[in-house]
Amino acid sequence: MNIKRDIPTATLSGFALSAVLVLTLITILLQYLPLSQQRVGDALLVLNEKEGVANVVTTVVVYFRGFDTLGEIAVLFIASLGVGLMLQPNTECRLKAESNFMLQTASTLLFPLILLFGIYVMVYGHLSPGGGFQGGVIIASGVLLLLISHKNFEVPHTVIVAFETVAGVSYVLIGFMGLLLLDTFLGNFIPHDIANMGMLLSGGVIPLIYIIVGIKVGSEMSGIVQNLMQRSDDV
Amino acid sequence: MEFSLYGLSDIVLSLKVTALANFFALLIVLSTLTVLFIAPNYRLKRSFYLLFTLLVASLFLIVYAHDYLLFFIGWEVMSISTYFLLSFTLSKEALHKYILFAMASALSLFVAILLLYSTQHSFLYEDAKQSYLAMSDGVQQLFTLFMLIAIFIKLGTIGFHYWLVDAYEESHNLFTPFLSAMLSKMGLYALILFVANITQATYVLAVMGLLTTIIATFKAIEQESIKRLLAYSSIAQLGYIVTVLSVADGMGGALYHALIHTLVKLLLFINIAGVIYVTQKEKLSDLGGLIYKLPQSFVFLLIGIIVLAGMPPLGGFASKFMIYTALLDAKYLLLLAGVMFSSASAFIYVYKLIYGIYLGHPTHKNLEEVKEVPWTFLAPQYLLASLLVIIGTFPGLVIPYINRILGELNLTLLSFETIQTLITSYAQYNGFVVMGAFGGIFVLVLMMFMLLRSKAKKPKNRFDIAYCAEEPNEATHLHYGYSMGQELKRVGLIHLIAKNSSKYFYDFLAKQMQYFSEVVRKIYSGNLLLNFNIAVLFLIILLLWSLK
Amino acid sequence: MFEFLNQPEVIKTIVTLGAMSLFFVGLFGLLTRKHIVKVFISIAIMESAIFLLFIGLSFNREKVAPIIDATQTQVATMNDPIPQAMILTAIVIGMAVLALGVSFAIEYYKLTGKTEIDTMNEMRF
Amino acid sequence: MSSTLFIALPLLFGFATPLLSRLGKNALAYTSVLMQLSLLGLALSLLLAHSSTTVELISIAAPLGISFVLSTASLLMVLLFTLLMTLFSLYYLFQRRANAYANESKFFTLLNMLLAASIGLVLSSDIFNIYVFFEIAGISAYILSAYSKTALALESGLKYLLTGAVASIFLLFAIVLIYLHVGSLNLAVIAEQFQLLPYNVKLLISLLLLIGFGFKVEVFPLNFWVTDVYQGSTSLVNALFSGIVVKAYLFVFFHILYLFLPQGEFTLFLLYLGGVSMLVAEVAGLRQTNLKRLFAYSSLGQVALIFVAFAMQNIQAVQAAFFIVIAHSLAKFMLFLALASLEKTEQNMHIDRLKQIDSPFLMVMMFLAMLSLLGIPLFVGFVGKFLLLKSLAVEGMLTLLVMVVVASFIEAIYYFKLMGYMLHKGTRSEKVEVSLGEKMIFVSLGLSLLLLGVFPMSIAGFLQNAAEVLLDQTAYITLLVGG
Amino acid sequence: MTGFIILATFVGIVIVAFASVVQKRLADSVVFLMGVGLGNVVLFFLFKAPDVALTEAVIGAGIGTFIFLIALKHLGEQA
């Protein structure tokens, strides 16, 4: 087989470039494998004890590195805004194929379960794996299911906006409360006792923020999904 | 007066009053006043005067600056305000040409002064010599190169004169006298500072100066447009100064010639501004026979060209005399021969100038209704012409002032006895006597002419050409000034000189630059695949290059 | 029989090699594929390669997930939570950018009918 | 006064936009401007009261958590960004009646998010937090770029997004390696440990950072997308890109560089990289006939100039860099706003159009901006260029000096070509309406160019202080890590 | 055993990813990408990061795939 004829030069050169780069990277990485290292994370694990949250990742995400999460919410918010701006719903012509009865019934039955599961993941984010992001996205996928199966289903735009606005504003306001009461932005100003660790009402402000994050993510994601779906209607 | 700027203690700026600065400041004041005299004849926007004020201010900054940074700032402001002043009349191409050369000049000056700064960390003139000596050989040459490029562009030295002629020709008639008299002098001022403070790049100056005088003189001869002709003459005159600055004792002659050139160029440009004002014509071939209509202007132009050609009775001879003796003194005989040759050739174009405008036969009908120029044009000419006559009569008059400058620059002084005589190591000449002799002859000739003229037959109209057998009509070029000097092109050498080689060179350069730009532009075509590939390649090269 | 694979060094080597191979695949796709969806897919693959590299190199097989419950109370035996938190953030951000990019691509396609990035040259430069 | 406010307030405003837009379009616009004005007032009061660098903690103490460091240097950038954004909003407000954007509330959200992200980039002392702000700034810029939803705008948005995504992968890679080898995300801790890393790892991390940020700071082999983005976006938005976004990325890139490599191991390489970027961009711009694209090339050149100045890594040069940053931000901002005024009536941006425009005011303002960009004395652009070239000369980098000067000359060629078009004599048919409010913004920008150029000493001390702070690695480490 | 599973999953992921990149049919590519996402979930779980695994499951393999499928619906299915 003639390689030159079958594969374009651009592909070959791209292959060569990426191969050389990755081989070099591998050499360096394997030469100095980071084996055991004292890391910040270990200190945070210890610090976590004070906050009384079972899931340390949650503490880190929501509290220790709370500003990252705020930024991440902002990214999601902007992205959802952008998608909405780009794919403005065209309400006049809606030609969605009617899905079959089975799917409709199943999704109607399934949706409350998905919603419940999402809320569970959200609320128990500080105790078990999961949390606001995952819960929010799960809820959004429930919405997606309904969007796919039901012809006329639509989450009212105002509802989405209301959720995301309230969640976003209250997140920043909680941050300001911390600034006001404890002199650090996003400070944990609600009493949190270590003794309560593992209980639903523990960790002070942390579960509250994670739920807010969940609502925010859920509404943003639903918005994105809905916009993408609706745009696809007028194909 | 010293002060620091930029909140940084390491930059010291200084303004200082020196004799040299005063000399040039005097020229600035003189030029500004005479130019403003003719301003009421033109309707100009307020912004013109605003920019003109800025320009004059920048000139003062240049001359009174005592460090290269302020000098540069003045230089740049001068270039830019001139750009906007020229923009009132210049065509787009000429304007672009002007500003590119001006920017090239400014930026190379910038590089030069930064090179100067890099060794001794000072911009002051006093430290310039030391800074220069502290450089390595290569940097010294680089510095000289950049400095001289900056100066040569302003002076319009041959090879760098591409912008100058168009700018002079198309500039406003009010502004041309100033352009020629003052702006080119700033290049001269920079050159004097360079020669006096830093180093005397002998051979470069000698060769460039001589080439400039010769080539510009011949270029001037073939011009049709009055202002172009004078522009080339300006280049040539500055060429003399550059040449004489290459010799050890040339400074006195250079300063003297700078003074004379300023006066005469003001006179000439104001004169032709008046002519253009009343006739609305700028080409030699369109004019002619104006001697009867504009007798006073004729006399002033006559004085002007006598000075320009460096003929004895007037001031032009004194400065040329000093230039010749300085060259002779330094035993630069070839240089002297060259300068004399071009000086002699200058007769041709000054003759062409006066013949074309005032003598001969007018081709155009509407020249018959022309009246003498307004007094606002004449008044400054009276002033300038009388100054030239006075200097011609008393050539020693300015020597004490020049000596003060020379003393300040630690150069040998010129000898000075009385104000009538000019003394050099080879000869001395008494301006008063010469003036008396020439004046007597002139008066005699004039009287004879007056007597004879009354008997001569007067032509009835402009088609009444006694020595011509044919019957001319409107289409016939009656004026001999049409294409005068073109025949010189048959001489091979002169043809070669006149071939516009610098135009070809710069056009070629521009074209190459554009091709290059086209090629480079290809990579900015917005192809992301290319971008990513190159980014990865870049990373690989850097990694493999510096990996241990 | 594969016990030797459980040594930390070996696991880290596997992770490095595996993640970098994935990175290679993504990079190869980025450099050679032209269809906009393929480009997004390549970017997603590269991103997940980095995620895997990070989590894989920072975890310790002996330790447990950083969640305190009845059986696990010793923080000393837990894995570093920071990489997990970071990757959590990065995944969401990556998804947001992806969604936005897709919506741009859809609108662009509607206007011009182009899907290949090397033909996207509406600009007359 | 908390420096977190600079980030949290615009974010809050962005989140609350849907709520505010219920109150009416005007209410939204006015509150947005009001909020930016109050931020500006806050920044100014900090400037007046400012004595030393302060650290603002988020949740927990510095080396472990995220913190914001407000030093003279970052305060300078914050001040610049808030000032420009306020002017931008005011300008938009003044021209809004005639030329409002569709979906205005989203536009305001994006503006404030962009402001928050740029300030966050400058203030943050945590490298992953910087990544997050990098993404926020990026994603708002992508949408702003594609805002008008024309084919050109979408193409530019798409290209911006793709390069941004690739850049963020490399950046994330670098961050991952940093955390794996250093075990911390705090810049100060990393700075302390970075010298101890093996050479190859250090090299790899530095290069990945260079590629990651290189796309955003528009250095030579990574900047081929920039011109398309500028051409496709509206001029109004371009003013933000060249005035704020690039500057934020540049600042944070060199902030990280100074911290990680205080000895300047790659100085020479970075210097020549900047020099080459500058030359290439200026040469490529020579034959350009589209105004927006032309100014994009000029932006590339100027940004490369700033790159060179920062890369010198000494106090004089960094001070010069700050001067150029201010000069370029103000001047480019002005130029793009002027283009936006032209764009109101017609989309065509061919340079021939300059011959038709009949608006002496706009012309004069564009002249001022261009002269400042060219580094003509009496304008602030000169001060920056002069200080930079001076420090190049003092360091004996003559090749680079000549490179910069040659690039300036090439830039002069096309800027004076534009000026020639504007000075063109002939009938001018196209009237451009510039309202009084817009005029005031132009005049204030132009005056600040002139005043700062004539009296550079008024801010020179402040900038020098900023440069010292930015370069002082040990003080930064002591501040965050302690002892 | 962990080591082996990690190795095997990695091999699987790389193969699937390569298939996803070189596939002519875009729909196949997207499905393969979902495979990569699922592999990631397994790996994250093995790496003792259940939170990340859950996130990757819902985002990488869930919403992400949906977004790609929507894109395909508009942009056509052939590369």
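Just a few scattered comments:
The chains carry the letters A, B, C, D and E, assigned in the order they are written, with residues numbered from 1 in each.
By our rule, a contact is a pair of C-beta atoms (placed from the backbone, for glycine too) under 8 Å apart; a residue touches a chain by one contact, two chains touch by 3 or more.
Computed from a predicted model, the values in this text were never measured in an experiment.
Listed by label, the chains touching subunit D and subunit E alike are A, C. For the pairs C-D and A-C, the count of C-beta pairs in contact is higher at A-C.
Ranked by how close its C-alpha mean sits to the mean of all protein C-alpha atoms, the top chain is D.
Subunit A and subunit D, compared by their mean Cα positions, are separated by 30 Å. If you average the Cα atoms of subunit C and of subunit E, the two centres end up 10 Å apart. One inter-chain figure worth recording: subunit B and subunit E are separated by 77 Å, centre to centre, where each centre is the mean of the chain's CA atoms.
In terms of their C-alpha centroids, the spacing between subunit A and subunit E amounts to 18 Å. Annotation for subunit E: residues touching 2 or more other chains are 49-51, 55, 59, 63, 67, 70, 74. Along subunit A, residues 10, 13-14, 17-18, 21, 25, 28, 34, 39-41, 44, 55, 57, 64-65, 68, 72, 75, 78-79, 82, 86, 129, 133, 228, 231 each make contact with two or more other chains. Taken residue by residue, subunit D touches two or more other chains at 128, 132, 135, 139, 142-143, 146, 149, 159, 162, 166, 179-180, 185, 200, 204, 227-228, 288, whereas all remaining positions touch fewer.
Contact between chains, per the stated criterion, is found for A-B, A-C, A-D, A-E, B-C, B-D, C-D, C-E. Against subunit C, the residues of subunit D that register as touching in their complex are 128, 131-132, 135, 138-139, 142-143, 146, 149-152, 154-155, 157-159, 161-162, 164-166, 168-169, 172-173, 175-176, 179-180, 185, 227-228, 231-232, 288, 290, 293. The touching residues of subunit C, when paired with subunit B in their complex, are 27, 30-32, 34, 117-118, 120-121, 123, 125.
For subunit C in complex with subunit E, the residues that touch the partner chain are 2-7, 10-11, 14-15, 17-19, 21-22, 25-26, 28-29, 33-38, 40-42, 44-45, 48, 51-52, 55-56, 59, 61, 63-67, 79, 83-84, 87-88, 91-92, 95, 98-99, 102, 105-106, 109-110, 115.
Residues of subunit A that touch subunit B in their complex: 10, 13-14, 17-18, 20-21, 24, 28. Interface residues of subunit B facing subunit C in the complex, by the touch rule stated above, are 521, 524-529, 532-533, 536.
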